[in-house]
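Going by the order they are written in, the chains are A, B and C; count residues from 1 in each one.
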């Protein structure tokens, strides 16, 4: 077990190191000089050179890589080229939008998916199941940004029930914040709910068919409630894994939705940073996201190791 | 029971007070949206136009400033004297002017600002505006003498630019995030990626602003702009990016639409050194293949004024040279075969993000194809465009709008991205720079326009319109954009 | 009772629509999509223009037909990349299971999965410039670990089977066993996964095109059509609805096809196994 843990830790660190190299290289290859971009059309070459020097862009790449790594390890993610503020602060601010949005979408998705998935599994083979399956098939096929455009057209412009986008901040009140995030959350939640519903349904069907359930029935545990609770508990394991995966997707993958609703979130920050050649922001934010996913994977692996006796003997 | 009653009562009080506050606040606060967010808040170094759009004339002021009709009027300098030979300017400053931090504004600050802008290591984006300054001398606390190396007829005009605003040495260090100027508004808060808030300066030296608070929101996406305006999340949008929606706003009594002009000549920039575009016949062929009105209608939904040269048509010295490049595809094909390209040729068309470029580009590509010229379109982000087209000069054609006022002088720079090298034209501009007689200046400007039109340096498309959509009850918004600015000093809500 | 063949039938039917459109458009389009006719713009639905015209006067039906080519081509080649590189990786990992090659490949998989795909796709197109080709590369890269993981998983369980063990005893090399015995028995899983990745590829291409990083003008693309239509949603909603529906039909068709194939090809239902 200890050996496994250290092996896993080693791969964790190695993955992070590799990821940082890949990210740094990708961003550095991107053509386009941040200084030129910031100064615009009429700037003279010497002004640009002065700015490059100020930003530290004239240092050799190796130095900049290690400066970046060293900074990150001490929690300093650098200073944004375009905004001249602390990247950590900016990310912190953006997280106040992206995190609640992801959680909200996750909440909606779960609230829709779990009951419908259970219902479909219960009514397996009958019309109810067919209805749910068709709906989920449709849900998966709808591009979420298209759905967002339609939502805005109907609920914001026509009916004026919601604002068309923007986020004024949590200090204007919890209710205000939540209403601003509602349409985006719905747009994000739709395909996720469809996927999750199918996972819930198939996981439940599978566990209901498992041997130990049949044994329990045979032994006289005729109470459908106990069987259902048993089956449900076990079916929820893959469902929870998917929910975890969806969360990390929602955090970074909401770029397009954030564009449609002009939300000041993490996704739009990265997108703007790429177009503005704000290399520091791009590198640091992507690294942060990758770190979050790798960390979650690591924790899950270690948890399984502690929970699953099969893994405790050092065989894979 | 008693508890519930108390709760209801306090809820009621709260709601009413919020309601009252809401109704009151609408009269003196305003939210106005812009497309581009400033990267930082210092108009005097590494400045992007977006910085001026928020801060010019609101937070910062210069010796002179632009009025809404483009005229140069006194700013922090209430009057000036110019020496006989045109090299010495004595500015008389307004008295009792303070910066937003309470410190006084005097001749020392003027000297500080000008010296900083023209210093060796200055990162001022328009260093050229200051390069002619030989010396700045403080004569008294309200008198400054600026000596130029040679007379410059545009000096007062130059000092009105956003890059020439007056700043203070006490607050220069964090000017990029906490700008301190002398204007009618002071900077309050910046939520990056979202908005900037300004508050009325109660100690302003001039006529106080009507608005108590002004919030600038940044919405770059045209459809988001439309939604925000329609849903009335914002009160106004200066430089509304989706001309296709203007008709809808015009017919809606809740809104007003102002369409003014800008100093933005939208042109099909041509790489004059890239074959076969180095052949003037080929460039002439391209000019005649273009149907300007179709581009204005298709890309800008009719908003925009066609131009025949690189000059603003609303300017008194404008010469109408559109006939030189009228729409004549037959003539175009004839010219191409005369130049040896009866089979046509292929070139690149690299387009930056604005929709006038992206849409205009598709339309031009189709018009050029009709005469046999194939274009490979690449849609680039600004960073790539600057790298490849502007600095690398690796392009055949591109579309961009040059928004600086009176910038016909760029054609005199052979290393500018058009790579146009005409000694005749350069001589005209050289003469213009030292000429201060208005009649002679007019003549030179007209001559300059003719030369670049007849040399077919670029395809001259149209002057960018400046549409502003706003709540019908707002008064005082500038219709035109003579410079990049959103001057709110005279804006108010009608009662 | 849901018969597997219903999914399959519906799936094939829906898929045929974009496929046929794309094929026909190679040879004939009702109108030339590269010819812009501003005076003819925003025409409503009519007999000459079954879906009307767009803001440049182009026939919407022709745009959809040619756009089908783009979406299908990009998604298809991206799947190809995933299969070409991913399946061998998975087979190698299964062959040398337990060792550090297996470990390395699995960690590589995890690493690629950890990257936010949309952000990397944007980065790639920012570096290399926006184009259909770069969209293919960006989407294809993220298909590789999917196929690697799924072929490894399926291959691992196959390696426990008797007929494989007997081939080993007979002296066949891992490579031969992988290609002759393991791979053929993976095909049904790979086909189903390929259909799923194909449908995801269509969505990904639409997303990338929507933010301007896919096929460039004048090549029509469904995603870009949606982006162009957005500001005119109140003027002419069909400009946004039609490309959206095209995407939905294609993706739905592919998903149903995948589901139908899965049920049809499942050896447990068929009862036989290729030896």
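The rule is simple: a contact is a pair of C-beta atoms (placed from the backbone, for glycine too) under 8 Å apart; a residue touches a chain by one contact, two chains touch by 3 or more.
In this text, all values refer to a predicted model and were calculated from it rather than measured experimentally.
K.L.:
Which chain's centre, taken as the mean of its Cα atoms, is farthest from the centre of chain B?
P.N.:
C
K.L.:
Quick one: most central chain, C-alpha centroids?
P.N.:
Per-chain C-alpha centroids ranked by distance to the global centroid put A first.
K.L.:
Based only on mean CA positions, could you tell me how far chain A sits from chain C in angstrom?
P.N.:
22
K.L.:
From the C-alpha centre of chain A to that of chain B, how far is it in Å?
P.N.:
Result: the chain centres lie 39 Å from each other.
K.L.:
Once you find the CA centre of chain B and the CA centre of chain C, what distance in Å lies between them?
P.N.:
Distance between chain centres: 45 Å.
K.L.:
By the touch rule stated above, which residues of chain C touch at least two different other chains?
P.N.:
126, 230, 233-234
K.L.:
Specify, in ascending order, the residues of chain A that touch 2 or more different other chains.
P.N.:
Chain A, residues with two or more chain partners: 31-32, 149, 152, 157, 259, 274-275.
K.L.:
Would you please write down the residue numbers of chain B that are in contact with two or more other chains?
P.N.:
223, 230, 381, 384
K.L.:
Taking the touch rule as given, give the residues of chain A at its contact with chain C in the complex, in rising order.
P.N.:
Counting only chain A, the residues touching chain C are 11, 14-15, 18-19, 26-27, 29-32, 125, 129-130, 133, 137-138, 140-143, 145-146, 149-150, 152-153, 157, 249, 252-253, 255-256, 259, 267, 270-271, 274-275, 282, 286, 289-290, 293-294, 297, 315-316.
K.L.:
Give the list of chain C residues in touch with chain B in this complex.
P.N.:
Listed in rising order, the residues of chain C that touch chain B are 34-36, 38, 41, 55-56, 126, 129-131, 212, 216-218, 230-235.
K.L.:
Give every residue of chain B touching chain A within the complex, in rising order.
P.N.:
Residues of chain B touching chain A: 39-40, 46-49, 121-128, 176-177, 191-194, 217, 219-221, 223-224, 227-228, 230-231, 233, 381-384, 386-388, 390-391, 402, 404.
K.L.:
Report the residues of chain A in contact with chain B in the complex, numbered from low to high.
P.N.:
Listed in rising order, the residues of chain A that touch chain B are 31-44, 47, 50-51, 54, 82-85, 90, 93-94, 149, 152, 156-157, 160, 163-167, 169, 259-262, 264, 268-269, 272, 274-277.
K.L.:
Help me check something: in the complex, which residues belonging to chain B touch chain C?
P.N.:
Listed in rising order, the residues of chain B that touch chain C are 222-223, 226, 230, 242, 244-245, 248, 294, 297-298, 358-359, 361-363, 365-366, 369, 377-381, 384.
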